[in-house]
Amino acid sequence: MARDPMAYRTPVWQDWCPGCGNYGIVAAVYRAFAELGLDPGRTVIVSGIGCSGKLPHFVAVNGVHTLHGRAIAFATGIKVANPELTVIVHGGDGDLLGIGMAHFVALGRRNLDITVVLHNNRVYGLTKGQASPTLPRGGMSKGMEKPNIQDPVDPVAVALASGYTFVARSYAFNGLHLKEVLKRAIQHRGAALVEVLQPCATYDKVHTPAYYRERVRDVEKEGWDPIVHSPEEAFEKRLKAVSTALATEDRIPIGVFYQDTHTPTLEDRIAARIGAYQATPPAKKRVDEGGRPLISKERFRELFRDFIIKTR
Amino acid sequence: MARDPMAYRTPVWQDWCPGCGNYGIVAAVYRAFAELGLDPGRTVIVSGIGCSGKLPHFVAVNGVHTLHGRAIAFATGIKVANPELTVIVHGGDGDLLGIGMAHFVALGRRNLDITVVLHNNRVYGLTKGQASPTLPRGGMSKGMEKPNIQDPVDPVAVALASGYTFVARSYAFNGLHLKEVLKRAIQHRGAALVEVLQPCATYDKVHTPAYYRERVRDVEKEGWDPIVHSPEEAFEKRLKAVSTALATEDRIPIGVFYQDTHTPTLEDRIAARIGAYQATPPAKKRVDEGGRPLISKERFRELFRDFIIKTR
Amino acid sequence: MELRLVLGGPQGAGLETSMTVLARALARLGYGVLADREYFSNIKGRHSYVHMTVSWERIPRSLDYPVHALLAMDAETVLTHFEDIADDAVLLYDAGAEGVTLTQIPSMEDCLKRRLRERLRELGVGEAVGDVVRYLRGRGVRAAGIDYREVLAGVAREHGLLPSQASRYLSAILVAGFVAAYGISEEAVEEAFRERFRGREELVKHNMAVVRAAAPKIREAVGVRELPEPRLGLEEVVVASGNDAVAMGKLVAGLSYQAYYPITPAADESLLLERYEDSAVDGEWVGAVVLQTEDEISAISSVIGAALTGARAATATSGPGFSLMVEALSWAGHNEVPVVITYYQRGGPSTGLPTRGSQSDLMFAVHAGHGEFPRIVISSGDHEEALEDAVWAFNLAERYQLPVIHLLDKFLANSLKTFPIPDTGALSIDRGEVVEGGEGYKRFDLSHTISPRAFIGGGAVMWYTGDEHDEAGHICEDPVNRVRMYDKRMAKLGLIEEGVPTNRKLTYYGDPSPDVLLVGWGSVKGPALDVVEELMAGGFSAAYLHLRMLHPLPAEAVRQYVSEAGVVVAVEHSYEVQVADLIALRAGVRIVNRVAKYTGRPIYRGELLRAVLRFVKGYTGKEVLTYGA
Amino acid sequence: MELRLVLGGPQGAGLETSMTVLARALARLGYGVLADREYFSNIKGRHSYVHMTVSWERIPRSLDYPVHALLAMDAETVLTHFEDIADDAVLLYDAGAEGVTLTQIPSMEDCLKRRLRERLRELGVGEAVGDVVRYLRGRGVRAAGIDYREVLAGVAREHGLLPSQASRYLSAILVAGFVAAYGISEEAVEEAFRERFRGREELVKHNMAVVRAAAPKIREAVGVRELPEPRLGLEEVVVASGNDAVAMGKLVAGLSYQAYYPITPAADESLLLERYEDSAVDGEWVGAVVLQTEDEISAISSVIGAALTGARAATATSGPGFSLMVEALSWAGHNEVPVVITYYQRGGPSTGLPTRGSQSDLMFAVHAGHGEFPRIVISSGDHEEALEDAVWAFNLAERYQLPVIHLLDKFLANSLKTFPIPDTGALSIDRGEVVEGGEGYKRFDLSHTISPRAFIGGGAVMWYTGDEHDEAGHICEDPVNRVRMYDKRMAKLGLIEEGVPTNRKLTYYGDPSPDVLLVGWGSVKGPALDVVEELMAGGFSAAYLHLRMLHPLPAEAVRQYVSEAGVVVAVEHSYEVQVADLIALRAGVRIVNRVAKYTGRPIYRGELLRAVLRFVKGYTGKEVLTYGA
């Protein structure tokens, strides 16, 4: 089942800046995919717009590089239409938590089996370093004229408030940890968030590799158990996960904070509505019979009988 | 200072359904405004689209009935441009927590001094009763063909995760409680959320007045102290507020869950950047001098000296 | 040849039930029915009415005034419509409301109140319902004043109901009015009630009790004028709204994914699809997954995603929602993704008149989206066309690999019509060139204008991006590649011009070189055809050019038709009559005579005829139609 | 008369500094400068270049090839541009990169690599930089091969820097190249560095050390050809980008609120406004509050909100962002709110070529939004116009109470230009009719086409809604009110047609009844004027019709100009040449000759001249321009 990580690398030149955390992320992706033995033809990376958004072009699985903030929405259609696919979203902090916040929350409410990898570099990289929704108030990147006047939002807290059933944080240059977390997230059935702390080498002179190296702490190693053992436990666990995940000036927790396997996925919920869904999802539905509709006039009469009236 | 509540009522016919919770809300608005003695010319109600969105037409203060999901965004421009105004947003649960979620979260990050009144009727009223983001999974309104397959989101939890500094819940037909909470929210300096449980008489046959009457509990009466007494306390208080606010099948907490007066408002933050802001906000900035720009050629030369080069 | 009527009452009081029951009963009896529903953006209480044409000779295509019957649930209906009725019309009203005056109707908008007050003063009529009824009686109207409360109380007593329960059957009195005045079979009506309240037999019973209680009194008051025997010769008909027809068409097309965000007047289409989600024929799934998304941006984005996997995917919306879809539309155009957007126009701008009709989004639909990319815009003139075009939309989308906008409107969406069962078996399904892909597959292979399409999940690996791309789908900013890819995309417009037969893109009705040519699209079709018929019956040489593909426009054919006609008149439910602008833009001919209606109400046959006759008599310029409450 | 040059290197390596320093030094010496910046959607590493025209006779208006100097930071620049240079041009390159071959340049896109490989084979030239330099030398090019590493190492040694620190001064070598080859004063350059690195004197010192170290070697290699003395006669100039010019114009206009969401090529405008947020003149605040919002929907919505309170409010964006603003645009049009949207076009569709230019959003800007409502679309042809029009935009918005779209493009946004200080004191500020309001104030008073505007917060109470409204701003669905309000709004278009002088809406340059008339807008102006000049110098009768108000279009004047000319050619940075379509639509004349460029690169003078000459010689149809890397 396991494959060669480098088989997942496309020949496309990776045009991120030297030292960018995205190199760490894509490397972990190659290894996670290889260890999971993902079939490139049955795997899709869906991305938004930003430095992070370029990632699918560097990975030799299907890639859909969408619109700023909309990766989750595109991915939703892909996954619902063909639930056999492994669907992974890569997006920036601006992309997912700013313009795309409505979709980010909606995914939690659906618990669709998608993994969201959030490249948190605290800036808008590709537009030259403006503040993103994770930059602390008062913070100032190299691309800004004035210090930030907006407060940051914590993706872990929002994900937990929105219904994600797998919530984790990792760090771009902790390759092993990130790879393992990605694997667990992909293997989890349900909406998964992996926030990745990603240094922006060009615009963020504060949250550097040195900064993170000193501060990250693996809470699972410290004994945190993210598993929801019974549905009743979920609410309390979520609250505790929020405190466990809380980052402070000198301690940034990484690890899986929360995993709940009791909540049905959207696919399960649809399957409960539509008998044929599992065997014949939308992508595989037969549409015609020799170039003619399956619903012939006779079948039309049958199917829409409620609308049809025989005249006297 | 206090005025006659009925002075705040416009002659416009209120075309909500008989029994609609919105009648309770608008009545509480009249009374809260009257008791606060709000100046109609200096007060603005900004609403989204929905049954709830019609409210400004029934209140004799400035009314801006905007687009579906965008009331907070419009209100942001109004308030930033003229911080002297009292700005109150009224929106539906679909409006604020679905299509408008990105703005809902962004307001928390800014802590702009706006009060958001969320009419939570668990349905899309004006489009005839589809599921809103607060309808429980499996729930089914009278407008739906099939039971809901999406999980609800709790506005209180999201607001607390987003940085709102005043977070409360009340009930449309508990007029006294609602009026008091509205008053406290309006008086609070900073982003305030008041979730109002609002029975939809036409589409929701579950969350009826009887349902709520039995279940609502005033947590403040039960001893909950929502005040953040020092900035250090904020994080813990937020977590406790989430558990305090948790609604279950037989207990729905109402009251103020959280109030933090230590975080500067967006107005404060702008004023720290721009000396003139408090005295001369954008709405009052002088634009011309006798039909000519304030920035004459001479002043242009001075202001943009960095761009101007004297040739040799 | 036809009977016209208005049923009116407060929104939420059962008017839709009366409409459906009457339409279905009449269909069963062999009549053709067309019914338009007019209502406010309101759930309960505002004035709402149904304007219906019943024909014994054909399936009606248009509506007109004056009506032959006004069946009023409340005072507001009588006062609002009293001038809409013919001199010998039937008027059914609540005798208990005779004393109600204009002032006592809070739900009526002030400006209408002011206008009515003035008009009544002009006529020397008082402001109470009773005054108006007296005035109408004087004009020859056959009025039946029935005490509705009394009727309902009687039924309540008889069936052991509370008064509040009985009030739910108010709308059955209107049904009784029709049944009584036109000698309609009570059986047909009962069957219609039974279909409407499937499995809730007590509702059928109580409704029929009301009908039976009220009918004799009404008959007594107005007498019976039996409807002529129907001569349509149909053995079975579909009775459906435009929303229903499109949903049916989509299922026939093989739709398997629809994402939507609720909005008037599109949402009902998605609700019907939801009802059919789990449907099968001969054991095979023929439904679609229907997902209510968090907004329209998500709806269209997820539809694009689904289409990439090979699903026939669509969304349905109206103006505000479409505005939000514009960014993703451009992505779909750029990435050559076959998606269908069913776009029901309503009164704009902005929220506008959200429950009223319009055709004012044509130029927007044609030009929406930044940058240049091919799209197709089609439209349908009636329920039958809408059903058929819903299939066509997917075929075009997949053959040409682009977004297709199916431009409809509220008039169609919400009007109920009887029409023959479509011969869906004769329609074709065209999926365009689909391949498995495999090793080295290039999604944007430049050796074809339309590169063979593989589905994500089918085994091949491919890339899509909103950036300009190379053949594999990777970002590429090279200027030479840019021109080749840009040309490839834009060349589709030429392929469509050649590849789709002109007679599928437009229909021409009437005299070949007419003295008067009407030009229109969408819901203009019905009244236009009827007016052309009347003109021809009056000895004029007339024709109607009906456009079904608006972009790319069959410009050459349009130019020819327009240049061969005498007086040319463009007709549209809008201010600008945008179709004339579009023709100027594409075909280079300027149509100066324009008939515009932008009150949000449909174009009525009579007002259109009068306007056209003015043009025939030499007037040039714009005529604005305004009839209708 | 002019000197043309290209400076190239990897994105993020200081090219912008070289451009700014050179432009400012040249400006100080009295030359006119225009510099276009071409770059990928990338932060570091992709090939980027500056294309500059330096003139001693006037302020340059257009760019052209071949260039007289190519100053290359890296191998990719040499290989990409080697055919862009004149036979006796100066070439500065890194001797240390002579051995670098095509294959060794990962940042170069594959298709370019393939093309170059083929071309070099054709020319019989090897694939290494050294081979190409030898070939160019053979053609007469004066090449200076300088070992960049050595130069930097020397400076590093001298100033005690680490090699990694010294590498930050690479771009100074390009400055040295120019200084050396054209005998530019080192003082002027030093001053420019000082302005660029205000207060960071060590950066000035190190950069100048590099310049002084490299210049003699370059001079030695290529000799000095001094630039002619400038004859422009300006005592002072502004050196600014188009983004800067618009920001300045907005502040002159009295902007007090700008909300934006970062997007190329608009964001720099907002950053400049942010820098001036706290500015005052004579103790009075002249800055604007600048808010970075969560998306473009929020940006435009908050701008509308701010405008309602009386602020002059604006946003700036490009295609993807504008697409998201469309719904709110319709609200603003409906509610008669004066807002300004500065719309910088870039290459579409979708993300397209996000850092390249285009003019392909014209029809979208004119038709964006559901429903019908008046708007104004204006555009500017150069920096001076852009600054002035930024003021005009607010005046139009407030006088006519509607949204104004100021349509610009990336070419303008990112090009640096020298221009005279605008006489802002002579501009007018027109706020339209503003009242206090007070008791009984009606925002949409129907006794005026443009109802007097009161501000929220000024004391009066008023209502706004996206629904159709009555005079007070309350929802109203009445058909009679509907028509009156609709007519009132749409009538503004007529007022604008009459009220704004034609010569403000368009500018006509050249012969009155010319044999060749070019028609264009925006960034077409520069090359078009230069081509007209060249044509006239060559004895042709020629003219250029420059459109500044595109909607409502001054149709009558356009029709007249077009019909009086011989050959008419529409020019645009797009595929369709949409301006010709717009003219067909509004003025009823069809321009068949079209010059299109859609590679994302600007139209160059020479290629435009050649295309126009083909039309002059009788060709009709479309000419596609493609020059430029």
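Here the chain labels run A, B, C and D in written order, and each chain numbers its own residues starting at 1.
Methods note: a residue touches a chain if its C-beta (ideal position, glycine included) is under 8 Å from a C-beta of that chain, and two chains touch if they have at least 3 such contacts.
Every value quoted in this text rests on a predicted model; they were computed, and no experiment measured them.
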Between the pairs B-C and A-C, the one where more C-beta pairs touch: A-C
Subunit A-subunit D separation of Cα centroids, rounded to whole Å: 37
Intercentroid distance (Cα basis), subunit D paired with subunit B, Å: 40
Numbers and ranges of subunit D residues touching at least 2 other chains: 40-41, 277, 294-295, 320, 327, 331, 350-351, 465-467, 475
Subunit A, residues touching no fewer than two other chains: 49, 67, 98-99, 101-102, 105-106, 133, 146, 150, 270, 273
Chain-level touch network, classified as line, ring, star, complete or other: complete
Complex contacts: residues of subunit A adjacent to subunit B: 97-102, 105-106, 108-111, 133, 137, 146, 149-154, 157-158, 160-163, 235, 239, 242-243, 246, 263, 266, 269-270, 273
Subunit C to subunit D touching residues, read off their complex: 40-41, 109-112, 115, 318-320, 322-324, 326-327, 330-331, 333-335, 345, 347-354, 356, 358, 360-361, 363-364, 366-373, 465-468, 470, 475-483, 486, 490, 574-576, 581, 584-585, 588, 590, 598-601, 624, 626, 628-629
Complex contacts: residues of subunit D adjacent to subunit B: 24, 27-30, 188, 195, 230, 234-240, 244, 248, 251-254, 256-257, 259, 276-282, 284-289, 291, 293-295, 297-298, 301-313, 327-328, 331, 391, 418, 421-431, 455-467, 473-475
Complex contacts: residues of subunit B adjacent to subunit C: 13, 15-18, 49, 51, 67-69, 98-99, 101, 124-128, 130-131, 133, 145-146, 150, 202
Touch list for subunit A against partner subunit C, complex: 10, 12, 40-42, 44, 46, 49, 54, 56-57, 60-67, 70, 73-82, 84-85, 102-103, 105-106, 270, 273-277, 280-288, 291-304, 306-312
